[in-house]
Amino acid sequence: MDSVYQALVDIVGQEHVSNRQEELFIYSYDLGTTEPHRPDYAVIPRTTEEIQEIVKLANKEKVPVVPLGGGLSLAGLAVPFRGGIALDLKRMDSILEVNEKARYAVVECGVSQGQLTSYLERNFPHLTHSEPGAPPTATIAGNVAIHGQGDLAQPYGFNSDMVNGLEIVLPTGEVCKFGSCSIGSGWYTQHPLPDVGLFLGWSGTTGIITKVSIRLFPSKKIRGVGQFVVEDEELVPEIMYKLTHTQMTEDVIAFSQAIPPFASGLQHFTINIVADSEKELEFKHEIVWDDTLGEYIRSGAGGFLGFRSGLQRPQVSKTSDWRKGGGFEYVGAIMPVETYPECYRRGRDISERHDIPYTVLGRCIGAAHAMMFSWTYAFNRADPETIRQAREALHETDDLALELHGTIWKPGLYGQKLVMERLDPNTLNLMKKIKQMLDPNGIMNPGNWEVS
Amino acid sequence: MDIIACIKRVPDTSEADFIKIDPAQRDIEKDRLAFKINNWDEYALEAAVQLKEKLGGTLTAITVGPEDWNEVLRRALAMGADNAIRIDRDVSADDAYTVAVILERVIQRLSYDLVLFGAQSEDFGSGQLGAMVAEMLGIPHATLVTVLEAEEGKVHTQRELEAGTLQSYTIELPALLTVHTGINQPRYISLRGIRSAMQKELQVMALDDPGLSPETLVPMVKLEKLELPPKGKEAELIAGAPEEAAERLAKILKDAGIF
Amino acid sequence: MYELKFNEDECLSCTTQDCLTRCQYMDIDRDTAKAEILKIAHGEDSFVLHDCVTCYACEEYCPVNNHPFYLIVEKQEELDVPPLPRPLIRRGIQTGIPFRGEPDIEEINGQALDMGVFSDLMYLIQGRLFEGLPVISQDPRKMFHYFCQLMYLHYGRTSVIKERLPGIIQTIAKHNVTEVICFHDECYGTYTSYCPAVGIDVPFKAVHLFEFLYNRLNELKDDINPINLKVAYQRPCSSRLSSDKHHFVRGIFELIGAENVEREYVDENALCCGGTIQGQRREGSRKRAADVQKRNIEDMKNAGAEVCVFNCPACYTTLGSMVAKNGIRPVFMSDLCRLAIGEKPAGWR
Amino acid sequence: MSGILVVAEHRNRALANVSYQVLSKGRQLADQAQMELLAVVAGSDVDAYAKELAGWADRVLAVKSDRLEGLLAEPCQKIIAHLIRKIKPKITLMGHSSFAMDMAPSLSVELGIPLATDCIDIFWQNGDILVTRSIYNSKVNATYSFAQSETVLITGRVGEFSVEEGGRQGQIEEIEFDFEEESDYKKFEGYLEAEAGGVDITQAEVLVSVGRGIKDKKNLEMVEELARVLGGVVSCSRPVVDYGWLPSERQVGLSGKTVQPKLYLGLGISGAFQHVVGMKGASIIVAINKDAKAPIFSVANYGIVDDLLKVVPALVNKISELKGKTE
Amino acid sequence: MTLTDYKYGDVIHRCFRCGYCKFPINWMDVNNCPAYARFRMETYSCGGRLWLTRAWLEGEIEWSDHLADILYSCTACKNCEVKCPLSFNIDILNMMIAAKGEMVERGEVPSPVKEFLENIQRQGNPYGTSRAKRGEWMEGTGIEAYQGQEFLYYVGCVGSYDTRGQETARILGKVLQKAGVSFGVLGNDENCDGNEVKNLGEETLFEMLAEENVAQFQGLGVQKIVTLSPHSYNTMKNDYPGFNGEFEVSHYTQLLQGLIRDGGLDVSGGYNATVTYHDPCFLGRWNEEYNAPRAVLKSTPGVQLVEMARNKDGALCCGGGGGNFYIDLLGGSADSPARRRVREACETGANVLAVACPNCLTMLEDAVKAEGLEDKLAVKDIAEIVGEACGIK
């Protein structure tokens, strides 16, 4: 009898551990192009205490632990490269608290984006959180752990900037809290205590987030999206600059893609506008469409495609199916907004070279302080050749992002290597020390952010 | 490895609480009953098919019974048997001994390494047939087998004793085993499988094919009468305070030989 | 290669100049109208080319069927006076490019319903009205192979229509259909008005959906329970190309017991849904469209309409939720008919 | 001289219960026919067994041989065949055990004598021996007679015959037996005892089965105690597994296991159809339930309408008392 | 069979495992897939099952008991088809059924599935109870055998054999008698409808049942059928026409809705309770009948209807579909869908959980007991509620 298996059964119960081929198969796969690696166990804990026990066991037995939420990173961040325990956290799915007045929610690490959205809609309709473009199965905690952004990125920045506090199980098994919650003062702020935040962006290599306090924001009664189109990609940075100047938009995205044909060669903007009344809405319409974008309409350089009430969740998984192939992966990078035209053109080239219909998108972060630019490559899951093509295109795009002075977001192993090659040696050294201090046995999501 | 599996057809009486006995007290009325392959025989067949799949060879299914019984042979064919033989005979007055005589005659004319039986039948449950045939054939046997592994020329088996104890044997072939439930999970036979087995050939033998005649087949155990077991419809209620009721129940259980 | 049949003499001898004087979006007197239409005919620039909202109405107003609207659009293209900003035009033109494989051609001998580009609205053609009727263009993936292209009139691009339409007609003809019932009256207008006007052959007979519905309802007359609803009809621009079929609207309403409310913007005076107006290149288009929509809906409300009936999916998309917000139920004509024969329409909310 | 020969079995240093049962039955049949009762026991060290058997038998034949370490069918068959040939008993009687199932049929063929197995009754009628067997899922009883034969071979159903007081002092004869050269075509490799921990309720003779009426997990303790005194195992109905109070391997019923124990004691089980199909094959069903209308009472042989939490402790006491008397 | 021979070999890889299939319509919970709700391993999600099926057919993983359990834990509730945003969603269940079909042909199915199917082969019902006892439920009701009456009242296996199902079958019979409906039943001659058999992947057996039933119905001159179970309703309405069996099939709630509306059934006796209604999958998502049962409840005086958070096409399955009321691969836990569902029902404040399916009735009633909610929540079939309202004890 496998003693680690038995110990895991003792911790979480028989039904919540598996070492059978079916679970090991499923948890070996990322949804993108990363090669699968089988874990030795799949475990679905329910409590922080169980996770502590699992981590302690893993330290004792020198078994890797690979935490995952929705498992939707696409960059292979939850692939068990060195085997070990695939720790699916989705059973930890309680919404613990919503503080209406201070506008925050405390959730367990398995709470999905969709679950919080629906909970707020039903119970606090005037509050919302920044929802990423991922399918609603993505988790809040997983998203902040990789510095995700959502549909409130334009006014408020990265989702990880909205974290008010965290509860972490350290790689050695201790539980730590960060932010005001750590002194028992509620979960309303991460500042102003000394900054020990060593967990966001580390892709689960420094600990397991078990609870998150996330900021909520006003949700207005009318939420809708307007569309605007230009032909000349050079116009995109200035339009983003002008739109953010209005301070009347909520999410500003520009995209272009080969399929469907209408979007090819054009730059479409989707611009979210919210209001509590028709009057407020019309006021914002005037400022945005007539006053700010009017000049492009009159010159014939830009066109208004209308405004629809109701925010629709983008169903990104459809992108995966353009080639009836069921798969896609993208490079997302945080780029200066001014690089949009170059990102678009060079991205198109890469796609065309690899025989993949191009799909690019830039989402404005803050007042055009930066954008998340994504280059998406679809592949056919049933055709290894297309997977290889996509993988090559992704690597070239990682190179491109850095060449254009961008920073790769949630990089996979290849991107991590590129980033670490460029990192300031002192920073790299500090990262190494931190990692060694927190995870002396190197059990946490090994393979990722490994400073050699 | 050439295997022979001997199987039979039984009425499904597990759910039938309406069983009636014919006036002559010789048989039960069967017109409302469904029929099936004997449960233990299904395990024997599965064991045979698994051995065949692993080691190659042929599998022959044999039954002794009237034409209706072809259905269990079809099932065997659908499951993976290569040949099916039915010795045509009304077995209602036979005992295990007479059937054993018939089977021995048929089997000894075939080439085989291993003969499998179900450990017992659902209807009469005497559990005699396999070991009788083995003795007649002069080959070693083991009954109530729950573990079976084969290699060239021999089988490793475990047979089940009481209280979960197993008895382990290595037996040289040819040999005969009677198979107990739990040895495997008999596969499901889909209707499509049964229908395609309808196309396969079934060999029907008359009693004189292996040189037997009805006169030679005299049962050693003779049925005198059938009757329904005496049974009250409702539970006999034991009244009284907990202590009294418990005392009475304890006595009943003791009298019933429970402890 | 295809040339518009336009006869300048008809305009010269015209006494009404209805084409432009009746325009609901430009205020033009008879003299100006004559001068401008002739300028246009001669290939000269005219404010009309710039200010036209492309509502198709002048096609109907012209008493001699001289195709003033087709003329305007041709000249917009010739003189490079696009009604929309260039990105919208490019976007629109690219929209009609099929990208999901070739259509499966099933031969149908006789009558069939053509969904055109609206294959995703198959749910609208259920029930006894459409029972037994073969349908072409059922598969949304192939819908652009059946796209009648007439939408490009709004984009000032007749060249695109002329380039693509013959192929589309060929695709439909491959189904070996003799009578094509057009789900959308834009398709009907294409095959019965535009094609003859520019000389494109149509090897099948096009049937207007309303005429079909009218006839089917007559067959099912015994099953009709009057719906007793006050109804306003949102007339789409393309219906201007088939004004001879417009009377079926009233015919259908009578059959199903719908009360056609008395209102200002009805029949020839119908207002555009605003869909094409809001994106136009001119200053204030967004507000102008909003104003047209507001007037239209106010008019329906004042007339006491309970239901707004659509035939055009584009009108429905633009106005549907707006009328609903004003307490008027939006519904497609076929669904309204299904209601009358006791069926539960899929789109009836 | 003809008599009745009982073949006794032993394992794990004790005579099998069923041997006492058939011995008692054999005693009764011998007395009725005024015959001698013989018992045979074979093994490497049988003195204690022989002594025990002498409490019932007039004569005990103790066959001693190192070859009999494992009580295997083949050597035993040789011994019994030899003895039957020599003694010519009217009846040879054994328990219907796994051992008997392996040996009795071959023995009957070897000797050409009739065999009736798994009998629930054995009785004299006009000087002939008759047996009753339970057939068709216990739904029918069949009575059989035997063809003319010096000896008939009968195996009796486990638990079917009650153990009577012996109280005799029979003679013990030690028998020498010469085995032929051992053949190696069938090689005994040893015994494998059941793994500790794993419980197979389908194999249990006595099941004490609990349902929702048990109310709380802590009450399982008294039920375990009852099972212990009855020499049985605790099984349960679906809800108890749902609660996580017992593992699913203990569940009886449609989605659990089908059991056919001798005794099925249902505690707080209402007897839903899904449950009943899994246990109605039990020989004796006893139901204890507060609800007099619970359907289980229509399948049970005996019932007590009361709170099981009150009855069970009382039952444990009474059974312990009665057991104390026997032992 | 390999992936190339598999009917859906060219689409099954298209599942991205985005996970929409796990949600109800409003994303409030990722637990609207009954199997995933119960086990929470990704393998048990719809996407997990599709990926595993593909891996199995491609030889990447071996058949195992566990794999079979995973596939058969699908209750065919259709939540995934309703929620999946991709165009192949219409075939998701067919992909599962085809994979189960492959297991059936190989004979490698979970043992309760084997038992289920063999029992149907032998006795025409999943319980394996004798055919000769099928009609016992109607003893003493005065319900007539079908001999040309207007309706054939088809009871189905659960209504014929399950104790609780039998009660419902009897009450519905009495309600129909009271309303003066002309109907008859088949009694011991009734056979399994085959709906579950089809969903378990035993296609040939299903075809045989459908053919036999159609022939029997036609032989008796049946034109209209009213069913107790939505499962029978579904297959007779949607599958039997493929066997030339064109009958006017209604679920009993549809018939009752009309009878009450037209005054044919007097429910003025009323039923005083706060009721929440659980949509059975084969009436709801499979046939989009959400209204009739609610209309019946609303027209019963005294009934105050409240909705659970997940309802209509977002309803959580009781876990009994796809044969699981019998094979029960989802039971045994507080996470079992039926137990989740009764807790949800309790949250509405209702004291009666109304169902319109005998499978749901038994599943949910057991769950109420398991949750210890007997004092708070009674599970009642709508037939029982109507029965009480029209004075039938």
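For the reader, a short list of remarks on this structure follows.
Labels A, B, C, D and E are assigned to the chains in the order they are written; within every chain, residues are numbered from 1.
Methods note: a contact is a pair of C-beta atoms (placed from the backbone, for glycine too) under 8 Å apart; a residue touches a chain by one contact, two chains touch by 3 or more.
Given the structure is predicted, the values throughout are model-derived calculations rather than measurements.
Steps from subunit C to subunit D, minimised over paths through touching chains, total 3.
Steps from subunit A to subunit D, taking the shortest chain of touch contacts, total 2. The greatest centre-to-centre gap from subunit C, using C-alpha centroids, is found for D. Chain pair with the most C-beta contact pairs: B-D. Nearest to the overall CA centre, using the mean of each chain's CA atoms, is chain E.
Centre-to-centre spacing of subunit A and subunit E amounts to 40 Å, using the average Cα coordinate of each chain. We define each chain's centre as the mean of its Cα atoms; on that basis subunit C and subunit E are separated by 46 Å. Centroid to centroid, with C-alpha atoms defining each point, subunit B and subunit E lie 37 Å apart. Our note on geometry: subunit B versus subunit C, Cα centroid distance of 78 Å, whole angstroms. Multi-chain contact residues of subunit D (touching two or more other chains): 277.
Chain contacts: subunit A has no residue touching two or more partner chains.
Within subunit B, the positions touching two or more other chains are listed as 14-16.
Pairs of chains meeting the touch criterion: A-C, A-E, B-D, B-E, D-E. Per the touch definition, subunit C reaches subunit A in the complex via residues 82, 84-88, 90-92, 94-95, 97, 99, 275, 278-279, 281-287, 318, 321. Contact residues on subunit E toward subunit D in their complex (touch as defined above): 112, 127-129, 161-163, 326-328, 331-334, 336, 339, 366, 369-370. Interface of subunit B with subunit D (complex): residues 11, 13-17, 19, 21, 28, 96-97, 100, 119-120, 122-132, 134-136, 140-144, 156, 158-172, 175, 218-229, 231-238, 242-243, 245-247, 249-259.
For subunit A in complex with subunit E, the touching residues are 15-16, 18, 20-23, 25-27, 29, 31, 42, 44, 70-72, 88, 90-91, 93, 112, 114-115, 117-119, 121-122, 135-137, 315-318, 320-321, 324-328, 380-382. Interface residues of subunit B, counted against subunit E in their complex, comprise 12, 14-16, 18, 32-36, 79, 185-193, 195.
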